[in-house]
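Chain lettering (A, B, C and D) follows the sequence in which the chains are written, and residue indices restart at 1 in each chain.
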Amino acid sequence: MMEDITIRFEESIAPEDRTAPIMIEGLPGIGHVGKLVAEHMIQELGAVRIAEINSIYFPPQVIIQEGGTVRLCNNEIYRYSGEKGTYLFLVGDFQSTSGEGHYLLSQVYVDICHQLGVRRIYTIGGYGIGHFNEVTRVIAAVNREDLRQQVEDAGGIFSEGEPGGGIIGAAGLMLGLSIPLGIEGICLMGETSGYLVDPRSATTVLSVLTKLLGIEIDDAKLTERAGEMEVALQRLLEQERKSEEELSYIG
Amino acid sequence: MMEDITIRFEESIAPEDRTAPIMIEGLPGIGHVGKLVAEHMIQELGAVRIAEINSIYFPPQVIIQEGGTVRLCNNEIYRYSGEKGTYLFLVGDFQSTSGEGHYLLSQVYVDICHQLGVRRIYTIGGYGIGHFNEVTRVIAAVNREDLRQQVEDAGGIFSEGEPGGGIIGAAGLMLGLSIPLGIEGICLMGETSGYLVDPRSATTVLSVLTKLLGIEIDDAKLTERAGEMEVALQRLLEQERKSEEELSYIG
Amino acid sequence: MMEDITIRFEESIAPEDRTAPIMIEGLPGIGHVGKLVAEHMIQELGAVRIAEINSIYFPPQVIIQEGGTVRLCNNEIYRYSGEKGTYLFLVGDFQSTSGEGHYLLSQVYVDICHQLGVRRIYTIGGYGIGHFNEVTRVIAAVNREDLRQQVEDAGGIFSEGEPGGGIIGAAGLMLGLSIPLGIEGICLMGETSGYLVDPRSATTVLSVLTKLLGIEIDDAKLTERAGEMEVALQRLLEQERKSEEELSYIG
Amino acid sequence: MMEDITIRFEESIAPEDRTAPIMIEGLPGIGHVGKLVAEHMIQELGAVRIAEINSIYFPPQVIIQEGGTVRLCNNEIYRYSGEKGTYLFLVGDFQSTSGEGHYLLSQVYVDICHQLGVRRIYTIGGYGIGHFNEVTRVIAAVNREDLRQQVEDAGGIFSEGEPGGGIIGAAGLMLGLSIPLGIEGICLMGETSGYLVDPRSATTVLSVLTKLLGIEIDDAKLTERAGEMEVALQRLLEQERKSEEELSYIG
């Protein structure tokens, strides 16, 4: 029988080359701000894939890759260790399709962090405001009060009542579930109009995040990457809409 | 792996300081009458938090608190022991998002009651009538026929066909599930127009409840608290509506 | 923790007073034909309640009974043993709210039949045709070819393509799941316009069923009972519609 | 209790008469292209049923067969072994009704393949384009790059961005889930307008598939079979639509 959630570490990577003090989560979400920031960093830093996560809580489909080969939907963990520090990145195709799955997957993510020595998690997301703005703020939340000052110093904004009272999905749950494990959690949400991949919002979030990390990451290619991601995502979303029709037809 | 439902008692509170003969449930519901009554009593009596309940059956989000720190959605148990008696209170952010979750959570609640020596459960709710009324009745139901007289003496009304034939969620299920445990159950539902936090309905329910408990609770701050709760809840509801959009987008 | 499905036999009834060679299922469904037939027989024969079934797959609500006491939603087994034979009856408030629950509950029902010595199951339902008919046919299906002749002799009709290709819920699944247990299964579906409790359809089904059983049951009170059931069901259905609104509000 | 997924092999068939190097999956889907191709091959080759799969993830209904007998919804495995080779076929009434069920069933299917010595799986489906085409292409995907050439040689087309980025249901998941088992996977999707059983699309897919298998299968009866299947499926679909109404009514 399939496990509800499966984690497979790359066997070629030694256990001691999996650890890191910091995890940066950038799963799909509003404006795909988190996904864009995390995947940009992975590419700029040359981070290496160390683990793959599959789950029955992801949509029941495979992804067709260039060249016509398929792979299961997944979430992936990348790792960078070099002169700019040591980081893990959590990225992927989808989040859970059910509320229960969100909890169970997020718990697995923070458990992995715990095992790999992570002491701080950054979750990156978008904050949909439904219209275009001249200035992009980075709204923040933390899982310990003593983290607030450094986030503000880096340009993150704590604005009462924004977002409305909650943060949904992995970006929120990983912060909450890491509290009993003693892992610090910081959520950075870039304001964005809504449903398009938003490189400007991602650029602003990246600048706050890198200030917090104390490193510099070139953002020149962010806009280009946003364009490529937009094309890929439109395809996926279209497919997803179609899938729901089909599922209701074949199920 | 995350447990489907987790109960964490405050370690600083000795087991013998957790027990009580009476539990008052006031989870969110129609007009948030139960939530308002229970939280008002907690504050007026200065009840102390003794346990927190988390569950994958709650919405997959964290709550942002004042100051920008997050916490998991939860239900909480408070306890008061003093000159006005000894009571447990069950309050929280949400009820279950699924029918199965309603049953499983309600069973956990009555099992906790059983362990903590509870001999009577009051569940408080609203009874939506869809329009504004001059007079607010308190519709009642019980899980043992011999409880009816004292509820009527205190001002509760048993009206055949009201509510229609059922009481949904924890307010109903806790009454049903406590029967095999020998725990008495009384449900008090304040008539309310519908979706606004209704302090007048809560005041009327509070007067019936306190008559049954044989104590007095000042209701002067109920209206003020209803106003604050309304603001907080509108925020949560807005967030929840948004969450569903987002979940369908990112899932 | 609550079991997903719980069966409680009345302790006052000895195990040897639970068995019967025949089970008649009449759970809620189209036109409530099955419910009406089974509950009419229970009352006419004076059958005795021997078991109650609760489940997290039923709607998360309690039923308010006359007098204002509540009880959990349930399905119940009644038994009659006397000069007209020995029969079990399966009746109840609801069927499952999910597809998986339908399977799991139906499996429990046929397992109970197996334990209690049942050698034949009759499942009774309605067959919605969407309009009123002068003549009410009883459409039949069986789980063994050799049962067909006796059903036809009693007035049941096998009509290719009716119903369309499937029988949903317990009425169908109990027939399918009882095959590997060697229990005979006969489904009798009375034609009915649709959503009203239909005493004429029930009367016709009753006549076919009693011919198969080789007994007579007075049908004089069927119409009266249908009237009462209609009132009660309208109340429940109204409540259910309201419940869904409320659940989406409080969940 | 019922198992979530049950596999029953025909006892009359010896274990050594269950194995095959190739599995051809043709479960219901767009245009029922896969179902039509697989069932046509089963009939033309005279393949023998060796196993039946039941599951709580299938719709909660029984199928009424000719003659008025019922059977549970199922998926079935057929086997042919003769001068044209040795093949397994996976066909059935439905796919899963839930995303989680799709994963769990597909995992069972590839595990069965693994046990029965299968080294290559062909999954057959339709690719809905929403309009009628003069020419029917067969869009392909594979689970290993080295399979691409032989598929192209047989007439399969690898078209970037078609289908949109994913293949849903068993046709996709079986390819993905068979990778860690070392089983080759090839998906062939015949272009089709959409919701009608499409014998022309099936004919084209059959020609590509048989070229890959190195055998010939007469396609003369495909159109006739498509007509019969269309009648049966319309009946099932109508029933399914009705079932959803009924389930929401009785549940």
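What we mean here is this: a contact is a pair of C-beta atoms (placed from the backbone, for glycine too) under 8 Å apart; a residue touches a chain by one contact, two chains touch by 3 or more.
For clarity, every value in this text was computed on a predicted model and none was experimentally measured.
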item	value
Same or different contact residues where chain B meets its copy chain A, judged by the half mark	different
Reference chain D; chain at largest CA-centroid distance	B
Centroid spacing, where centroids are CA-atom means, of chain A and chain C in whole angstrom	51
Mean-CA-position distance for chain C and chain B (Å)	36
In chain C, residues with contacts to at least two other chains	59, 97-98
Touch relationships between chains, expressed as pairs	A-B, A-D, B-C, C-D
Of all residues in chain D, those that touch chain A in their complex	27-30, 59, 94-100, 102-104, 106-108, 128, 140-145, 148, 158, 160-161, 163-169, 172-173, 175-177, 179, 185, 187, 195
Chain D-facing residues of chain A, complex	1-2, 4, 56-64, 66-73, 97-98, 232, 235-236, 238-240, 242-243, 246-247, 249-251
